[in-house]
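Both complexes below contain chain A, partnered by chain B and then by chain C.
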Partner chain A sequence: MTKKVFKTGLISALALAASMGMAQAKSDIVVAMQLEPPHLDPTSAAAGAIDSVLYSNVFEGLTRFGSDGSVNPGLAASWEISEDGTVYTFHLNEGVKFHDGSAMDAEDVKFSLDRARAEDSANAQKALFKGITDVTVVDPMTVKVTLDGPNGNFLFNMAWGDAVIVAPESIENIKTNPVGTGAFKFTNWVQGDKIDLEKNADYWGTPAKLDKVTFKFISDPTAAFAAVMAEDVNAFVGFPAPENLPQFEADARFQVLVGSTEGETILSTNNKMPPFDNVKVREAVAHAIDRQAIIDGAMFGYGTPIGTHFAPHNPDYVDLTGMSAYDPDLSKKLLAEAGFPDGFKTTLKLPPPSYARRGGEIIAAQLRAVGIETEISNLEWAQWLEQVFRGKDFGLTIVSHTEPFDIGIYARPDYYFQYDNPAFQQLMTDLNATTDPAKRSEILKEAQTMIAKDYVNGYLFELAFPTVANAKIKGLWKDAPTQATDLTAVYWED
Partner chain B sequence: MRARNLWIGGLLSAVFVVAALVSLIWVPYDVTALDIANKIKGPSGAHWLGTDHFGRDILSMIMVGARTSIAVALVAVGIGMGIGVPLGLAAAARKGSLLDELIMRGNDLVFAFPSLLIAIMITAVFGASALNAIIAIGIFNIPVFARLTRSGALSLWTRDYVMAARVSGKGAARISVEHILPNVLNLLTVQGTIQFSLGILAEAGLSYVGLGAQPPIPSWGRMLADSQTMISFAPHMALFPGLAILLTVLGLNLMGDGLRDLLDPKLRRARA
Partner chain C sequence: MLRYFLKRLVSLGLSLVVASGVIFLALEVVPGDPAAYMLGINAQEDTLAALREELGLNGSVWARYAGWVGGLLTGDFGVSYTYRTPVAEMIGERLWISLPLALYALTLSTAIAFPAGIWAASKRGSAVDVSVMGVTQLGVAIPNFWFAMLMVLVFAINLRWFSAGGFPGWDTGFFVAMKSLTLPAVALALPQASILARVMRSSLLDTLSEDFIRTARAKGLSQRQALWRHALRNALIPVLTIIGLQFSFLLAGAIIIENVFFLPGLGRLVFQSISARDLIVVESVVMLLVFAVIVVNFAVDMAYAVVDPRLRGRR
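And now, the complex of A and B:
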């Protein structure tokens, strides 16, 4: 009797196992990330978390970023640029529909661009649209954009998450119910927990391979580790604890992708606050810092040293780390020359990420070695934005600037680190007016060298972008050329 | 039995007090010097309790951390006693008066808030530092001592010798100091020990969430917080500061129990 029951049980278990083996590959995925978006409108907030969920998945722009940072055609199938570089004529893809069923046409493009560049626009990156003087609808599939001068960056600008195309019909509720043209459509948002997307069956381009996507938000590094280990989530993009990566690498269940980002991690320095208004003092700080110790100690080896505010994987990057090589003796000498033979005291304000908190402790120890005493205060992001970013009440801070190609911030004297150099501002004006690639490259290299020579900030390292995922998931972006988790090509291997 | 509690508790507490005192003049390694090349090493001859994620010696950090914890808890208890005891004496001396009501209802008000929550609020508003942690923990010690003193003093005010003192013309303030206070000291010592252990726990809790002593000053709570993501491959980083907190608090509580048995007149009489 007992034996028989056992036998039947065994047979059904075998049958079950067999049927599972034959089943289709999984078509849903749970992707975790650290930060939850404050709302769901990428065109009216600086929060990168919005783009991390929606960019390319739900919303698309005229152009789009590829996984390598290249600018590819998006909703615009092709374009012509006038001789003088001021008129762009975009030809839109046929048959593009918003998720609510309405057609995407030139009127929507005009609406989106006019909305973003309007006087009262809430767009966080209004500079992207600054040169646009006119947007004209030629016919439903053609739109003409006129600029006030040639802008070599215009197609790049149009690929940003802040420049995605939205519809006037759905704009009112976009913050809670985003309606885009992407391969996935938004279904549900449980605040504080997750956002659900599902496959857009009417997608105009290559359809997504997944049927259902769930984004989970796990801010605590310990909880993140537990969630991945227990396989509660299938992938974690931007994994917050680099110290745990070797464990995942050693585990056959997981794959670890360590990609590059556009995140220049810098020891941001208040250039207007004495004694940092003295370039000698800033140079002394730069030579007091041992980058490798910070990368090893704070990031467990993940990160690339940088000597200027530019991504090392960019073809125009110049390696200037030698200009600020670790040399505490030189640092002490410079401090003495600047009139601080016994050093001085300053503040070091640290936002929450571990690169800042841990990096801050290491930098404080390194600065102490040359006589600079720092008073560390750990701040939450809201406090950091208020005190440091808006209030400019800081001596030093550590932060990663994750926007792509953002050297232009050095041309803004009112930006929080307050670097005011007319020569650099002229350089950026020249850059924007230049379309010739060789000339642009030359200007960019000069710009990098200029800020490195002025020791505007302490340049530490390029943030690494670790993704931990189930070993069977294919098609994830390794690098993070922009804030995005593009899942349109992701699938499960059988 | 009772003496054993006192001895074990006293010994455990003494170990950490001695460690804290020794750290004033000598520690095995400088706790502000980082040694990244030697990070996350397990216990060894060179580093008895291993090193942390910056290569700092954990034994040295626990010793200096003991100093932080003990200093914070001691000053906090001092604040609580320094303000709470006079308030309690005054309330008892003027029992039923407006002053009594004012003091005791004020105490109830402070008591009504969850103490750690308010401590978090205070440090969030005035900035995170060891000093603000001391003030926050100190404020919550005030009602504890005020109530204890008042209840102890009330029963004493009916005694004959107090009556005699009143008849001889002594004022309420003088009686409180000369006759009441010495007789509630036993109670206060016991409560002080307990509050001291709670203060250490509160300090560890506040620095765990980043609101206590700021780096580079080592503190047990922050050592625990730092070790959190590394617990799976470097358990020693969490184990030793955790044990330090556990043993100190346990020691102080045992000592408090032992002291109560020894000093509480009621229990002493029961024994006799």
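And now, the complex of A and C:
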């Protein structure tokens, strides 16, 4: 009898040890996110979800973004820039193979760039390739790109997910079967549910530490909370319910990373529509807004106040929040000076994200306090794009501009907020022609100040990027300098 | 009989034609451009035009309607704007979750409702009857998504018996797959069972007060014998009608539950497609559901005629 008990005990101890051993070797991960990619071609849609799954994991570009937003060598090991800044000669890494086994060479680079800038291109960021006049294959490992003028942003542009290198052999089915050069390869997609990746054993660079990755798509915030709590998923990137974060922080099973993004959340103002064509009115709006109240009320405290259209973590950022400090009395005074002592009525059109819907209610109340009545309408994205973005039929709207380094939109007079200032446009032309870092920094600071002085839009806050993950997962990106979930360096701690 | 059948068939055809027109026009007037949605805010005008051309969004309304209906007739549902896969394939995959879920929920709801309704009717006015009525009242009143969240909290987060949602796929085994559908099925079944139990009870009580039951009792049958032998069969007709309606509802109406449990079913497909303006998917799924409902109604009409000969002669 005792023998039997001993035996059973031994077996269960062994089983326990075995299961612990397996836990140590855990090399698979389930990462959840809110939005599912519509298809899997990062070079022909704006959907950030495509990059969130595939950028750096499956597809790579000539250059790549680091976790701090820096631009590093990618498929191009090195490059030379001609004296006048118009010719870039890229030297590609040796031994790079696509997941289908074919070699990645200069022909593929030429194909990818030519495809993106072609007449019938469906690239959502075609402007990134605008200055390219010619792409020449020098030899299989060298490619020469000629621009129509110097472009200080060119290497940065080539790091975008929309500029990844694809192969002509696999382009036809890329939307359902993406073939890239990354450390993970695509294996399976159950639409509406998940995407599976596995480790690329033939990867040219530092191999991934994980063997298997599953991306799961959970759109409902309540379901997201439940899935993390029940440990159905190991990590949730871009966790949609900030109100639940303190609960995860208090739970030893989880770690909460609150990073910054490139998402400037702004109260976009129609600069051509009276009375917003009067800078005094825009200034009055800016002083009527209490940013901290919006961050606390709509984002549960997560978010960094901004005073201009620039990411605070950028070294060239200037803190201009003081120019639009919360001051309702000044706001009322400015309105009276502008000829609206009793305020006025306008529209406030809100897209679906909670920063807009919840923030909109708070902003409406703050504007009402200085006499500006807003008529709120909630729009779906497709409606917002049609009415606000393309139709320019709005007074105010709230939206987060998530593209990295996008201050250049203020140089486009036909852009939806319709800011038309030749001085600013000249500044951006100068910026593009400048490659000297010190001079570029100077121009960027001047540009930020100019739009803040013109009170083009109400600058609210930089969107925070919360990730909730199992406490044992290491190597996750905290910040989101681009929409990516780079898992190439992620591993489980013993 | 043949005449009745043909008349029903013509009415079925007309319903489908009208439904296709209404669905197409309703989605035609919805504002929003699928190409603009896909390409986002930095898209250039020429890129948008190229994509619209590629998606076939440039033709006239009539040409697109004719193309869509023509495709449906030959079994070609078209290709999704966003996913770029054939719509028929997508619907097929989603049906493998939505259909079993609907059947599971229906089975549960029937298994709960029948005994409860019969028990309550057979003991009218008793404590059993009062409590069944009370509980079903609650079941009708509680929103199923709230009940679903409550179950997730208890069974997934606290007890860890079930996962909080998701579907592992049928290839992981029948029982694993069914287990993942259990909480959603219970959430869907609860209100349906409550409605069904109440219908069962009142229909049975109506039948029990009919003359033929009195005759049966007069012949010497006990109350219980009269109920099981005569009343139940006759009381089933309205119950079966309700079950038919509930089935179409469960197939189409699980949108919220599928979101709560992040199940990749038909409801979630429609939900996503509407916001992405993937109109061809929305049109086809809605048309399929309309078709299912109309065919079920047709079958019910036929069944009535078989059961009740009076209907056949009706002009």
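Simple rule for what comes next: the second predicted complex is superposed on the first by the 472 of 494 C-alpha atoms of A that agree within 3 Å, B and C clash if a C-alpha of one lies under 4 Å from a C-alpha of the other, contacts with A are read in each partner's own complex, and residues count from 1 in each chain.
Just so we're on the same page, a contact is a pair of C-beta atoms (placed from the backbone, for glycine too) under 8 Å apart; a residue touches a chain by one contact, two chains touch by 3 or more.
It should be emphasised that the depicted structure is a prediction, and the values quoted were computed from it without experimental measurement.
Trainee: In the superposed arrangement, which partner chain does A:140 touch: chain B (first), chain C (second), both, or neither?
Mentor: neither
Trainee: Touching A:73 in the superposition: chain B (first), chain C (second), both, neither?
Mentor: After superposition on chain A, A:73 lies in contact with neither partner.
Trainee: Please indicate which partner A:193 is in contact with in the superposed arrangement: first for chain B, second for chain C, both, or neither.
Mentor: Once the two structures are laid over each other on A, A:193 reaches chain C alone.
Trainee: Report for A:85: first if it touches chain B alone, second if chain C alone, otherwise both or neither.
Mentor: neither
Trainee: Taking the superposition on A as described, I'd like to know which of chain B and chain C A:382 touches: first, second, both or neither.
Mentor: A:382: touches chain C, not chain B.
Trainee: Once the structures are superposed on A, label A:222 by its partner contacts, choosing first (chain B), second (chain C), both or neither.
Mentor: both
Trainee: Could you figure out whether chain B or chain C reaches more residues of chain A?
Mentor: Result: the larger residue contact count on chain A belongs to C.
Trainee: Now for A:296: first (chain B), second (chain C), both, or neither, which partner does it touch?
Mentor: So A:296 only meets chain B here.
Trainee: A:361 contacts which: chain B (first), chain C (second), both, neither?
Mentor: The first partner, chain B, only.
Trainee: Have a look at where A:305 lands relative to chain B and chain C in the superposition and call it first, second, both or neither.
Mentor: The answer is neither, since A:305 touches no partner chain.
Trainee: Considering only the contact definition stated at the top, list the common interface residues of chain A for chain B and chain C.
Mentor: 222
Trainee: Flag every residue of chain A that touches chain B in the complex, lowest number first.
Mentor: 221-222, 225, 241, 243-244, 246-247, 293, 296-297, 358, 360-362, 364-365, 368, 375-378
Trainee: Show which residues of chain A lie in contact with chain C when the two form their complex.
Mentor: 36, 38-39, 45-47, 119-127, 175-176, 190-194, 216-220, 222-223, 226-227, 229-230, 232, 352, 380-383, 385-387, 389-390, 401, 403, 416
Trainee: Quick check: in the complex, which residue numbers of chain C touch chain A?
Mentor: Result: residues 31-34, 36-44, 46-47, 50-51, 54, 82-85, 90, 93-94, 149, 152-153, 156-157, 160, 163-167, 169, 259-265, 268-269, 272, 275-277 of chain C touch chain A.
Trainee: What residues of chain B sit close enough to touch chain A in their complex?
Mentor: 32-34, 36, 39, 53-55, 127-128, 210, 214-216, 228-233
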